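Just so it is clear, A, B and C label the chains in written order, and each chain counts residues from 1 on its own.
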Amino acid sequence: MTSPLLSIQDLTITAQLAGETRTLIDHVSLDLAQGEILGLVGESGSGKSMICRSLVQLLPSRAIKISGGAVMFEGRDLTTLDEATMSTIRGSEIGMIFQNPTSHLDPVMRVGDQIAEGIRYHQGASRAEAKKAAIQILQQVGLPDPTRQHDNYAHEFSGGMRQRVMIGVALSCNPKILIADEPTTALDVTVQAQILRLLLDIRDQRGLSIILITHDLGIVAQTCDSIAVLRGGKLLEHGPKRSLLAAPKDPYTIDLIASHPSMPAPGGDAPEEKPQAAPPIRTPSAPLLEIDDLVVRFPASGNGLFSGTGKFVTAVNGASLQVMHGDTIGIVGESGSGKSTLARAILGLTPLTSGHVTFDGIDLALHRAKALAHLRRETAMVFQDPYNALNPRLTVGDMLAEVLKVQNKTTGDKLQSRINELLDLVGLERAFAGRKPSTMSGGQCQRAGIARALAVDPRLIVADECVAALDVTIQAQIIDLFRDLKQKMNLTLIFIAHDLAIVRNLCERVVVMHRGTIVEQGRSDEIFANPGHPYTAALISAIPDINPDKRLARLDQVLQAEQVVFSMGDEFPATINKITTRELSL
Amino acid sequence: MSTVHVSDWNLRWSRWLGQRVTLAAGVSILALFIFAAIAAPLIAPYDPIVHNSELRLVPPSLFHPFGTDNFGRDILSRVIWATRIDLQIAFLGVIFPFLIGTILGTISGYFGGMVDIIFMRLIDVVLAFPFLVLMLSIIAILGPGLSSFYIAMALVGWVSYARLIRTQMLVLKNSDYAVAAVSLGFSNSRIMFRHLLPNAIAGSIVFSMSDAVLVLLNGAAISYLGLGVQPPLAEWGVMVAEGQSFISTAWWITFFPGLSIVVLAFGLSLLGDGLSETLGARQ
Amino acid sequence: MHRYKFILHRPVQFLPVIFGVSLITFILVRLIPGDPARVLLGARSTPAALANIRAQYGLDEPLWLQYFYFLKNLVNGEMGKSILYKIDVLPLIATRIEPTVTLILCSVILSILIALPLAAIASRNQGSLPDHTVRIFSTLGIGFPPFWLGLMLMILFSVKLGILPVSGYGETFGDKLAHLVLPCLTIALSLSSVLTRSLRASMITELQSDFATAARARGMPESIVFWRHVLPNSLAPAVNLLAVNIGWLIGGTVVVESVFAIPGMGQLLVRAIFSRDYMVVQGVAMIFACGTMLVNFIADILTVAIDPRVKL
C-alpha cells in the first residue's frame, strides 16, 4: 500500500453568511489506503460529516463551498468535477450510509427497487438483471429471506434490518470507498455490534475502504485501523489506532478518551470504592419505593372507536423492585424493554394495569389520589431530550419560580435567592435565569431541567435517558453533577439508560430489563463482572470497549440476543401506524 | 451537527429578508384598507347612496376614477364605504369561530376520552356538509342579513380551529415538558392554558389569516347571492351583483369592487405567510 | 391485502355521521318559526295537503317521534315535494347531479394539470424568479372571488372576444364542454392556487429529505430524484388536501352555477332558498353531505394506495 486510494489535501470549506465568511473546515489533510477503515471522531459541530459530504459534493447548502485544497481519487481531483461527472463517482465509486436508515430510505419505494435503481442507472442493467442483483445483495447484507423481502417497504423492517438494507443500497454499485456516517448511533447496542461486524466482513470480502464517522471511541477502537480526531473543523490528531489511543497528544483527545464511559471514572470515584460511600445512609427500615408484580399494558391497535381489536402491548410485565432511601439504581435495557414505562408508572404518570407501586408507604394502586399528591411533592423527573423537556416560552427563572410557587416551597422575597441557589447547585450561571431554552445548549438545558427537578426538594429523582442526547464530554459533566448532588443532598436516584457503561460508573445497583421483565438485578460491580442472565451477558459483551484488545462480542452470542429483540419488534409497528393514521385522519 | 446549523443560518438569513418583505407588504395593505374604512367620510369624494340620474354609467374618468353605476353613484366612493362592512365581515367572521374552536379544541385534545369522542363526532358531522351549503341552509332559516351570516359562521367555522388546536394538544400533551408539569403537580387548567396553549396557538393564528380570506370571500359571495348585506348598502359582493346586468356595457361597475376583494385578500394572505414564517422561525 | 380491509368496515363508520347529518338537517328545518306543515308546503297550500303532510311526518307528535318519521321517510327514499317545481325532491335532485359532478371533476383535473407543473418548477428552483412568480400567483389566486372572476372571464371571452358561450348548459356533449370551460377555469384558478402552495411546500420538504440525499449519494441524477422519489412522496398530502377542500369546492360550484346559470344542484339550492322551498334545501344539503363523505372515502383509498405505511 504505497499510494493512498483517497487523499484529502488541505481541504478548506467556508460558508458565506450575510456577507461574513466562516471557515467550517480548516486545512484538513487525510489519507485513506486501500482496504483501510478510518475512524473520523468528533463531537457535534466538529465537521466530521461535512468533510465526508464534501468528498461527493453533497454539501447541505449552496452557501457552503469548498474554498481550498484538493481531494485526490484515482488521479482526479474530486473538488473540480462537474455535476455530471460527479454523479458517476457517487454510488459507483464512493457509497454512503447514514445514521438514520428510516429517513434515508424512500418510504414509498420497495427496498429492492432502491437497490436496483443504482444498478440500472450506473451499470445499465435490465430490470430483471437488476432485480436479481438486488436480491443477491440483500442476501449478502444478511437479510434472512431476500427474495420475499425485496418487495418489502422500509417501515416493515426493524432498525437493524433497515440499516442492513441501507448498506445494501450503498454496496449496489460496488463502490471502492464506503462512507458510514454514524451508522449505528440510532441502534441498540446488540444490533450495533452486528452492523459493525457486517461492515468488517464486507471490508474483508470486497477489500473496500471505509470512512467511519462516529462520536463513540469504543466503536473506533473496535473496528478502525486509524483514527482522525476533529474539533471545530480542525484536525487535531491523526494516526494508527493503537498508538493514538495509547498515547494521545492533544489535550482534547486525552479529555475525550477520559470521558469515555467504559473507563473507570477518575479520582476516588472508581467503581470499587463507591459502595463504601453508600451503606452508612442505608437503614434497615421500610424501602422508600416498592414495586410489586407491576404490569402495564397499552391498547395495541389504533383502529378507532368502532373496530377496537382489544389487543394490548405489554410494556411492563410483572416487575418487582425495592428501592431503599439513598439508593442509586440504574435500570438498563434496549429500546422496547419497558424501562421508560416503568419509570412513568413509578411516578403515577401512566395507569397501572395490575400490581402495586408503594412510595413512602402509600400504595398507588389502592390510594391513588393520596399517593399522587404525595408523589408530586416528593419526586421529580429528568428527561431525555433537554429541549423538549422545557417549555420553550418560559425563561429558566420563570420556570423555576412557577414550580416553587405552585408547590408552596418558597414565598415572595426568598424566591429570587432560591432560584439563584438552584442555579448554583446545577452549575449554571445566575444570568441563565433570564434565558429561554432556545438560546441554550443541550447540556445547559439539561442542567436547567435538573434544577427544576431539585426545586421540588425531591426525595426521589427519576432520570430517564437523561444523557443519551448529549455529547460524550457533556455526558461526563452531567454524570459528575448527579454524583455530586447525590452526595450533597442525600438523594435517591433511579437512573434509566441504555448505556451500560454510564450506569456502571454512576450506580451501585443495576436492574436489567428485557421485554418488560426484570431479568436480573444486583450490585453493579457484581453483575458487570459476572452476569447471571445470558441477555445481560450479551448486552455487556456488545459494548464496544475503548481498549482494542477487548474484542467485540462474537456474532453468535449477540445474534441470540437480537433474535429475541427482533421477534419482539413485531409489536411495535402497530404504535407507529397508529400515529400515522391519526395524523392522516385529522 | 454543524452541517445542520450552518444551513439553518443561511436559510434563516434569506428567510428573514423574505419574511420582512412579506409581512411588511401584508401589514401595509391591511393598514390601507383600515384607513379607508375609518376615514371613509373624509376621503370618499361623493355620497355612496344618493342617486344621480344625470351621471348614469359614466366610464372611469378624472372626476370618477372608477366610473359610476346605473343610479349615477360614484363607484370609488361606494368601494371606500364598503371597506367598513367587508373588514367587519372578515374580522367578526373569524373571531367568534376562533374563540369557540380554540376553547373546545383545547379541552377535547387535552382530556381525550369521552369528551374528545363526542367533539370529534360532532366535528365529523359538521365537516360532512360542504361549508357554504351548511351556511346557506342556516341563513335560509334565519333569513337573509349580516347577523345571520355571523351566527352561521360561528356555528360552522369553529370546527377548523377546534381541529387545529386539538391536533397540537395531542402532540404537546405528550411532550416531556407537559409530563414534567404533571409530575410537578400542576393543575390541569394551568398546564392547559399556561403551558400548552401558548405553544399550540401559533398555527391557529396563522390559519386565522387565511381563514379571514375565506370568510371575506364567503361573506361577499353570500351578499352577491342576495342573502347577506342588502342594497342599497355598499358592500363589494353586492356591488358585483348590481353590476352583473351591465357587464357588456359598463364593466367598471363589477370590476373595481371585485378587485378590492382580491387586493384585501392578497394582503391578508401575505400577512398570514409572514406571520407563519416569523412564528415558525421563533419556535 | 389486509391494508385495504378498511374499505369494508369504513362504511359502517359513516353511519353515525349520516345519522348526525340527518339530525342536523331535521333540526334546521324545525327551527323555522311557524306551522311546520305550512313551512314545508308553502303559503298557498290546501288543507288536504296540510293534513296529508302532518300525517306523513307526524307533525302533531312530539319532536323525537317526528324525527323518527323523518328517518323512516328518508329510508324509503322519500324526501318530500318541491313547492317550486311541484315534483318529488329526490328525482328533482337526480336531474341536477350530472352538471355539478361534471363541473367538479373537470375543475379538479384542470387544477391538477395547472398545479403539478407549477409546483415542480417552483420547488426545483426555490428562490428563483419562476419560484417567486408561482408563489405570487398562488397567493393571489386564493383571494379571487369566484363570482367576480367568473364575470370577468365572461366579459373577456364571451363579450369582448365572443369565442365562448355566455352562460347556460348545452345539450350535446361538445356543447356542454364549451359551456363548462369558463366555469371550470373560474374554480380551477382558486383551487390550483391552494394545490400549488401545498404541493410546492411538500416538494421542497421532500427535496431536502434524507432519502433524497441518499438517492443523490448513490449517484442518481436530479431528475430521477425528483420524479421517482420526491413526487410520489408529495402526492399523499395533495390528495388529502383535495379531500379536505371538497366541501369548499362544492361551495365554489354553488356560486359558479349561479353566475353561469348552470342547471346543477348549487343553482337549485340557491333558488330553493329564495323561494323558501325547504324540502329541496334539506334534500340538497343531505345529498351534498353524502357526496362529501364519498369523496373522503375515495381519498382514503388513494392515500393507502400511495403510501404503504398508512393503515386505516
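Operating definition for what follows: a contact is a pair of C-beta atoms (placed from the backbone, for glycine too) under 8 Å apart; a residue touches a chain by one contact, two chains touch by 3 or more.
Here the structure is a predicted model, which is why all the values come from computation and not from measurement.
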>> Between A-B and B-C, which chain pair is linked by the larger number of C-beta contacts?
In response: B-C
>> Farthest chain from chain C, going by the mean of C-alpha atoms per chain?
In response: A
> How big is the gap, in whole Å, between where the Cα atoms of chain A centre and where those of chain C centre?
Replying inline: 48
>> Rounded to a whole Å, what is the gap between the Cα centroids of chain A and chain B?
In response: 46
> So what's the Cα centroid distance for chain B and chain C, whole Å?
Replying inline: 21
> Residues of chain B touching chain C in their complex?
Replying inline: 14, 121-122, 124-134, 136-141, 210, 213-214, 217-218, 220-221, 224-227, 237, 240-241, 243-244, 247-248, 251, 254-255, 257-258, 261-262, 264-266, 268-270, 273
> Taking the complex as given, what residues does chain B use to touch chain A?
Replying inline: 1-7, 9-11, 13, 117, 163, 166-167, 170, 175-177, 179-187, 190, 195, 198-199, 282-283
> Which chain A residues qualify as touching chain C in the complex?
Replying inline: 56, 58, 87-92, 95-96, 98, 100, 103-109, 117-118, 121-122, 153, 155, 166, 169-170, 172-173, 304, 306-307, 576-577, 580-581, 584-585
>> List the residues on chain C that touch chain B in their complex, please.
In response: 16-18, 20-21, 23-25, 28-29, 31-32, 127, 139-140, 142-149, 151-152, 154-155, 159, 246-252, 254-255, 258, 269-270, 272-274, 276, 278, 281-282, 284-285, 288-289, 292-293
>> Can you tell me which positions in chain C touch chain A when the two form their complex?
In response: 9, 12-13, 209-211, 213-221, 224, 228-229, 232-233, 236, 240, 303, 306-312
